[in-house]
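What follows is a set of structures for review.
In the two assemblies presented below, chain A is common to both, partnered first by chain B and then by chain C.
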Partner chain A sequence: MTPNILPPGLSEKDFNDALAEFRRIVGDQYVFTGDALSAYRDPYSLEDDAKFSTPAAVAPDSAEQVQAVVKVANQYGVPLWTISAGKNHGYGGAAPRMAGTVVLDLARMNRILEINVDSGYALLEPGVTYFDLYRHLQEKNLKLWLDVPDPGWGSVVGNALERGIGYTPYGDHFMMQCGMEVVLANGDVMRTGMGAMPKSNAWQLFKYGYGPYADGIFTQSNYGIVTKMGIWLMPEPPGYRPYMISFQREEDLEQVIEVLRPLKVNNIIQNAATLRSLLLVAGINATRSQYHSGPGPIPDSAAKKIMADQDIGMWNFYGALYGPPPLMDVLWSITRDAFASVPGARFFTPEERRHENDVLKHRAMTMRGVPRLTEYSFVNWVGGGGHIGFSPVSPINGKEAMQQYIMVRDRLAQYGFDYLSVFAIGWRELHHVIELIFDRRDPEEKRKAYEVFGIMVREAAEAGYGEYRTHISFMDQVAKTYSWNDHAQLRFQQTLKDALDPKGILSPGKQGIWPARYRQGG
Partner chain B sequence: MRHAIHALALLLSTGAIAAEPLPGKALFDRWCAECHAPGHGHPGTQQLERLRGASLAVLETRPDLNAALIRYVVRSGQNAMPPYRPSEISDAALDQIAQYLGRNQPAPGKRRR
Partner chain C sequence: MDGMNRRAFLQATGGVAALAAASASAAALPTLTAIPSATGVPVLFDARFPAARAHAEKLAGLRQSLDPLPGDATELMQSFANGRGPRRMIGVTAESVPFCLTELAPRDRRPHLTLKRLDQDLFAWHLVHTS
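Then we have the complex of A and B:
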């Protein structure tokens, strides 16, 4: 069969020969071509699908099969784009950065290899989703918690490799990662940290091992294919109290962030808590058309009505307390007293929320690691379900949060989009994750979203705010904003790429890192 | 044989023969229910209620779903719903889900009426 697209520079004969080899390795039924590729596209892409189209997908079942596939890819020069659960939605989904790249789909490698309750960790293959791991822990009645992002369908390994975030005290996923097995571009396989020592039993206990620490270079990268990964899991605490604090005025953002910083830096706020904008919270239960039918962003009068209907604020802080009750009592009194300094602040437990589908009742689950998809409702805010994440990082600083908010709100408003965001509170920084919601059935909306996104990346960088992660459409642009000393970091990344993957077969263009063969070809 | 008798006795004792779920039910629960189960907190059900009304919001009770439509939507996605790959839901599993969700369709004879 003639594929509709070929890897750059490959003849149809060579490509078909490579596919035959892939079929021999993984089995005929696990090499997908033609109509079977309909799900390997980014459903929320702002650009033409052709820019990110794939000629085939290969789904191996083991690290040994991955090694064999990589060797064939090297022999023929077939580029491979690795995905695990393929749910990197808002950042490209399962689609490759470069048209003609074959998708290496690790969904079938979904084994939970080990759970250690005493030491609190799991060793997983990349196809294990949050739902899979949660169901396993429930079925076995193991007293360990996951840390989940808002939608639970993603891969535990894949999310940590993308440096995603969750909402328990273990919310920084890569920080909780410990030990990897990685297939390299030449088909070799290595284990990192203590896993490099044949008889060590501390692979999932001590991250660093001996010598240069390698795990970081396999995150948001195209240097290897992670086939196993350790992740620390939180022991179920003796007590848990989720809460919400609502703030009524737009300008409260500055004071709220100033109150937050010392609480977070001193670990009074134990979890990866979030401050959520009015419309992000409202979008779980309502749509824009219920409040505003005209063009342009939601007007203030409609915002006030939403606040009243849903009993929420312009900003809504969702946190939780964990531990023995006396500890939670003390932490709560400090937290409550600090936020009470913000005029109009209101405090709630889940039991105090009047709507059945209230967001605090939902977040009470996510902040204890129960995977759900409830939060995905906000992508229906305008209808059509399109969304893309814009996520600049800043210090935990009120003035800067306000500056970012105004910058993004006004740019989005200029293009007719509403502002939906979450400030995720890290150990020392804010991830300001803005969900740009558009109707994916409307080409003009997509064009406007693409244009304003590029402007926001540029303006954020000019103000010193870099994105922590981005969609495949913008990977090159964001990479170029990390430009200190004539792009020294990107040059270093390219040097590593050329040394580790001289034929340039692994995920070309991932995070703006191109192998020499495609760099030179432009 | 003893197992078969035991299983039959169990079914009889619970009166469950007629209600024995199709194999697609378990697959639906695994892959679809988080978005499409009845009640609050399920984005698919919520959005279908907005678009099609309460009577067509819950997939498992809809009388109008046919297998071809289900296969298409699962593999291609629709609106907010992303597509699912054959590496996740195999063609055989998808057929079972489609059969399960299509079970409420009126029989062809009745439809012709």
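Then we have the complex of A and C:
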């Protein structure tokens, strides 16, 4: 058959020969072409679908099949874009960065290889989703909690590799990763850390092993294909108390963040807590048209009505306490006293929330590692359900949080978009994740979203704020903002790329890292 | 009409008068001909929107019952997407519901989706597993 698009520089004959080889390796039914490829498009692309289209997808079932596929890809020069659950929505979904790239779909590799309750870890294949792992722990009655992002339909391995975040004390997913098995571009396979020692039983216990620590270079990267990964799981604590604190005024953000920093740095706030903007919380239960039908951002009068209707604040902090009750009592006392200094702060437990579908009741589940889909309904805010994530990082500093907020809010308002965001509180930093919500059936909205996103990347970088992750449309632009010393980091990344993947077959363009073969066109 | 089918509702609320009122209201709504009906399959609706119920009633006709979408539909979505629940679903909701139902299914066994936009927020949809 004639594919809709070919990998760059490949003849149709060579491509079809490569597909035949892929079919021999994984089986006819696991090489997808034609209409079956609709599952590999980005539903939220702001650009023409053709820019990210794939001619085929290949779904191996084992590391050995991955090795064989990679060898064929090397032989023919077929670029491969690796996905696991393919739920990287807002950042490109399952779609490849470069048109003509074949998707290497690892969803069939969904084995839970080991759970160790005593030491608190799991060894997983990349196709294991948060739902899979949660179900397994429940069915086996294992007293371990996982840490989930929201929504929880993605891959545990994939999310850690993208350096995603969750909401329990184990919320920094890559920090909780320990040990990898990686298929390299030449078809070789290696294990990292203690896994490199044949008889070691500490592969999932000690991250660093001996010599240079390699795992980091396989995250947000295109240097290898991770086929197994260890992830630490949290022992079920003896107590758990989720809570919410609402703040009434826009300008409270600065003080809230200042109060937050010492609490987080001193580990009084134990989990990866979040501070959520009014409309992100409201969007779980309401839509914009229920409050405002005109153009432009939501007016203050509508914001006040939303706050009253949903009993939420302009900013809403969701945290949780974990441990023995006396410990939680002390931590709560300190936390409550600190936030009570913010005028108008209100404190809630889930039982005190009056609406059945209240966000705190959902967060009470996600902050103890129960994967859900409910909060994905924020994408309905404007109707038509499109979203893309803009995610600059800053210190946990009130003035800087306020500066970022005003900068993004005003720029979005200029283009007619509302401000929906979450400040995810890291160990020392804020991930300010702004959800740019647009009607994906409206070409003009998409055009405006694309334009304002590019402007925000530039303006944020000029102020010193870099994105921790981005959509495939903006990977090159964001990579270029990390430009210290004439782009020394990108040049180092390209050097590694050329050494590890000289034919440039693994995920070309991922995070702005292009192999030499495509570098001029990237 | 939670837990009550449309025929029982009409009988309980005065039959002809209620039917006439519902028909008048439905006449003003966009056509839903793109969405197939299916006897015995309840029509889900998003109870946050009065219009969703009106559209769902029109879609359900006399043969189907109505069910409000639960506030947390995670289990419902998973059971359908994994093939452990119903083979077919019909609804009038915001778009994230059919999107999630489709996305949750394995990529090589996605259900077939028919979708019709009704207004800024609402979509009528029909999903069926064909494999």
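Convention: the second predicted complex is superposed on the first by the 519 of 522 C-alpha atoms of A that agree within 3 Å, B and C clash if a C-alpha of one lies under 4 Å from a C-alpha of the other, contacts with A are read in each partner's own complex, and residues count from 1 in each chain.
Rule of thumb we're sticking to: a contact is a pair of C-beta atoms (placed from the backbone, for glycine too) under 8 Å apart; a residue touches a chain by one contact, two chains touch by 3 or more.
As the structure is a computational prediction, the values presented were derived from the model and not from experiment.
Overlay on chain A: chain B and chain C clash in the combined arrangement. Looking at the shared chain after the overlay, A:Gly383 reaches both chain B and chain C.
In the superposition on chain A, A:Arg41 makes contact with chain B only, not with chain C.
Once the two complexes are laid over each other on the shared chain, residue contacts for A:Gly193 go to neither chain B nor chain C. When the two structures are aligned on the shared chain, A:Leu373 is found in touch with chain B and with chain C.
Of the two partner chains, chain B and chain C are each touched by A:Lys87. On chain A, the surface touched by chain B in one complex and the surface touched by chain C in the other have residues 30, 32, 36, 38-40, 43, 57, 59, 86-87, 94, 105, 107, 131, 153, 285, 287, 356-357, 362, 372-374, 376-377, 379-380, 383-385, 441 in common. For chain B in complex with chain A, the residues that touch the partner chain are 30, 34-35, 40-43, 46-47, 50, 75-77, 79-88.
Those residues of chain A that touch chain C in the complex are listed here as 29-30, 32, 36, 38-40, 43, 57, 59, 86-87, 94, 105, 107, 131, 151, 153, 285-287, 289-290, 356-357, 362, 371-374, 376-377, 379-380, 382-385, 441. Across the complex, chain A is touched by residues 48, 71-74, 77-78, 94-96, 99-100, 103-104, 106-108, 110, 117, 119-121 of chain C. Partner chain B is touched in their complex by these residues of chain A: 30, 32, 36, 38-41, 43-44, 57, 59, 85-87, 89, 93-94, 105, 107-108, 131, 152-153, 285, 287, 356-357, 362, 372-374, 376-377, 379-380, 383-385, 440-441.
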